[in-house]
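A short worksheet on the structure shown next.
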């Protein structure tokens, strides 16, 4: 059974395992204050072309989202997110667990718009007795989104501008950041993102690491005491070195972008094969997640050899699934899928 | 500089790295539902000689303490702990972050007594208007404690009995469990512990793993929906396989106990050398953490070659430090320390 | 300026003030354990025709909603509510402040349906990996709703049945309960409601009291330790007697229903006058809140003498407002409004 | 049975009831934005001799403490309090419910010292890895304390100075403020207090009102959005006018101080009678709470006619109780107590 259901089916890039093995018995201090973490911080600052930033390493996405949002908001504030945002649907209320409402805004393509954000803020401020409602306090968006779409540079600049106009920090969830940046449709770079977001993270878990997310704080006002927030939310890894080593490896010799590009290339081949076959898509994604709509007969046939994620029942006869590629996707497996697609009825 | 300041200075036991490398490209499902996790669960059940238990894998200690306690308590309940308990002093209020008070009880040796627990509960129930105070809802203790001491089997049985008498689940923090079980003064076994505690964890981070704590739930009433609690607290690792592989390795061929025994043997050699030198101890610890009191002159001399944790200023001329051994401690480094101690003024 | 903008413009029914004055210097114990509270509890049990219920008195609605919901849910559970539910929009995130998500369901008329509730629960249980999402844990509905509508007995029975089928406690926010029960379209009685809901409250603040909400818990499983939850949420009034005296007065000689009926009668007169004039309504409400849509010219004219609540901009030329009556509404003021409506252009 | 067990045994001062009755049918807006609240704010500003302050009205003490503390602290911060502080022992974990630890400092007389505060802060800052511990974020003290003692002006100035030195807002719980200010040993005035505290409240519940606490915010940095915090914690009274009317009455013609003085006078008479009889005290209190230690025989005799609060079992034969006076204490009842004391064995 060949698995395409997610982008965390395998372990880590071999260079990471190698580096972990090489450094295994070196003694370091704990909690992210070791030399490997420092090295990784330096490399990430270079990749962002920005040195007045703080870089912290956390283990997973939900933990990172929770920590950043709880650190940023005042108690009575909420975070604006697309309805489909990961924090709104797939984190078991982890944001609410810290006392904050997710102010969910409808979005068929998974993306917020600058206009939506402005509308939420203006509506709140115009309210008679605004203190009876949750105050919008920051904006959360995913790049790429949970349905594989990406923001253009213009869109992000407009969002960033409206956020700054109203004093809302902009937080970008980059759990799949590499897969966004390497998309053929992407017109923004990491340094540009670092200029537009107040805080964002570079996902490692889904892009070559065993685990790990690198949080980049660019907004001076959010830097203070962030380590307290990490610890309070149970995110401070005792052997912080493991995060330092992984991110140092990923940000050496452009490895992060290189392996993300591989995932995108394989995804685009699959997408082309699906299009060639006349398969429709739930949404048009330019990244490593593809959402084809198969007839149930087709799906049954494919499921003999391949595992996808069920996504949505489109109608009685058709089903949308998610097909993911990743840094680890073997080209031979993609070949097998394409061959199978060609002969599909 | 040889580091004895904590038990997480190095990476992981080589067999763990090896197993991670061997399985790296095997595709699995995520979130702890893979075969490696199942294997590890089975091995832990065998080690506990108990099969009606639930086993979950989390990444770190603070996260585990928070998740278990928030899962167990009713909103208006608190957790009884020694003042020196990790949850009371070293977790940046992570328990309070979930809405619960730590009901801290004084304890010079880091241990709670059955009598103290009973006193807290009885005092609460006898209160006029008990609802104005936090209701004791569970008991937390560390085995070994934060100052290296361990409970005897009789002590734990008495504590367990009083907990059951009053309906308080007993939660044992086993971040250093192996180092407690292998202590020459320990008269309790893992299966016995599993019979006395309602929930406990087997620490991996400090005993051979890169990271990871295995939570064992024996109390039927606490099992329901625990995975929701893990996810809500950001503790559900995407590549859960990493935890399964590590614990499966640790619980194969008795590795966990064997490497813990090594740490204890080295700690006892250091303890003996300190005693031979007439050094006093802040507390008499039979486990891998030792708390000698050095004169400041001695400490300065030792600090040229060795790093310890500062623990407490005893008086103007003397300082207590913590010396830790672990699964990774090299005997040659212990030799160097002992040699140095012998010639110390 | 005559005020119709809400149902808490005045103080309390004169009989309440009188009773407060008469009992003022009587010494009682605090926190709701006095004889007046006991008397009120007994009267409410009689009114509910149910004696195996617990009755508690709180000060305000948001506090009551928060206390009941936080008391009922497990940490990872959320509460199902209409999007327009008070807890979802007008409580500054007080529910989220206790760590729980509001699972908001669309509802143009402010009412949930049994089918919607079942769909939410079934969708959740069918989810692959349900623990990544908030678990539906209870149902919240308002009677009457925030837009004045009421549930029929059949609707409530269907909702109650689906709640019991899936083990979800049903919580009815009765901040305006009297105005619902006295509606000409209401086909349910207080005893019937007490049979269908697991917990509900009888609103005093908007129906004759200075303040106060009487929480009725009918579900045995929710009764335990509710006083702890009240205190923890800052809702335990020191001079609890004030709540006892007020509710004892309201539930003596049917005063509660009698004054609620007055509000409904006046509201129906206003509604009829609006209909006679050909004014459209945003929603057809059979209770004390009416939502007429005025042309902006009409509204400007009316605003010279009357104050309403702005509700919604319908289009460039028309605006929906809320007109409220209450126990305190003077018939002469209603006359003035009707007269003015008659001559309105 | 004459009740001396607390200072909330009766209703409200007759002038308050009278004013409530007179204004009962006046229509006002809700939520504390009415003219009566404005009037009361103005009067309190005058009484504080300070006009750049914000004044808010809440219903009860626990609610007020919770709201102020949660509004002031960053998530990872805690509040320094005496062990005996109300927030630490008698609020069912309401502070922890908002995610914050109470950093409790021992205090036999119920008072914090400037030195203790400085020690806590300095110890925290000197900690290696301070982010593993809760950061001290503000100071809470009660004036008078829970055991009736009061701070001198010098003590409060020293505390205020150390708070400002370290950037910790000072919060004074004035639930019994009047009884402190009227004590014969008090050398501080309300305007002086308003200069030293960053936020404090003037207790109404225990000093003549039916209920109500007036929060005064003097620190500019704490003023923003406080109404959001009130609402979020369920403390925004719909008929806010009730609070305005009560505080306007209390701060007209010096009523607040006048009725507090009465309580103190009666307490001092009781204290003198106890001293004359040779009764010892648990603590020497100069305010309306007295803590005599009776032999169990004496207590049994007194309990035939008088109700006190049990405070503490001193030894097998002696018990400390609390005797409270208040604005409502009748001199004839004090006479009866004194007469009884005179003939006590």
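Each chain carries a letter (A, B, C and D) given by its place in the written order, and its residues are counted from 1.
Convention: a residue touches a chain if its C-beta (ideal position, glycine included) is under 8 Å from a C-beta of that chain, and two chains touch if they have at least 3 such contacts.
All values derive from a computational prediction rather than experimental measurement.
For chain A, the chain whose average C-alpha position is most distant is D.
By residue number, the contact pairs of B-C overlap by more than half with those of exactly one pair in A-C, A-D or C-D, and this pair is A-D.
Chain B and chain D have Cα centroids separated by 42 Å. Distance between chain centres (mean CA atoms), chain A to chain B: 33 Å. Centres computed as Cα averages put chain A at a distance of 50 Å from chain D. Multi-chain contact residues of chain B, defined as those touching 2 or more other chains: 75-76, 91-93, 97-99, 131-132, 135, 228, 231-232, 236. By the touch rule above, chain C contacts chain D in their complex via residues 2-3, 5-6, 8-12, 14, 17, 20-21, 23-30, 59-64, 66-67, 91-94, 97-98, 205-206, 210-211, 228, 231-239, 241-242, 328. Contacts from chain C toward chain B in the complex involve residues 31, 70-71, 74-76, 98-99, 129, 131-132, 135, 225, 227-232, 236. Chain contact summary for the complex, chain C toward chain A: residues 75-76, 78, 89-93, 96-102, 128, 131-135, 309-310.
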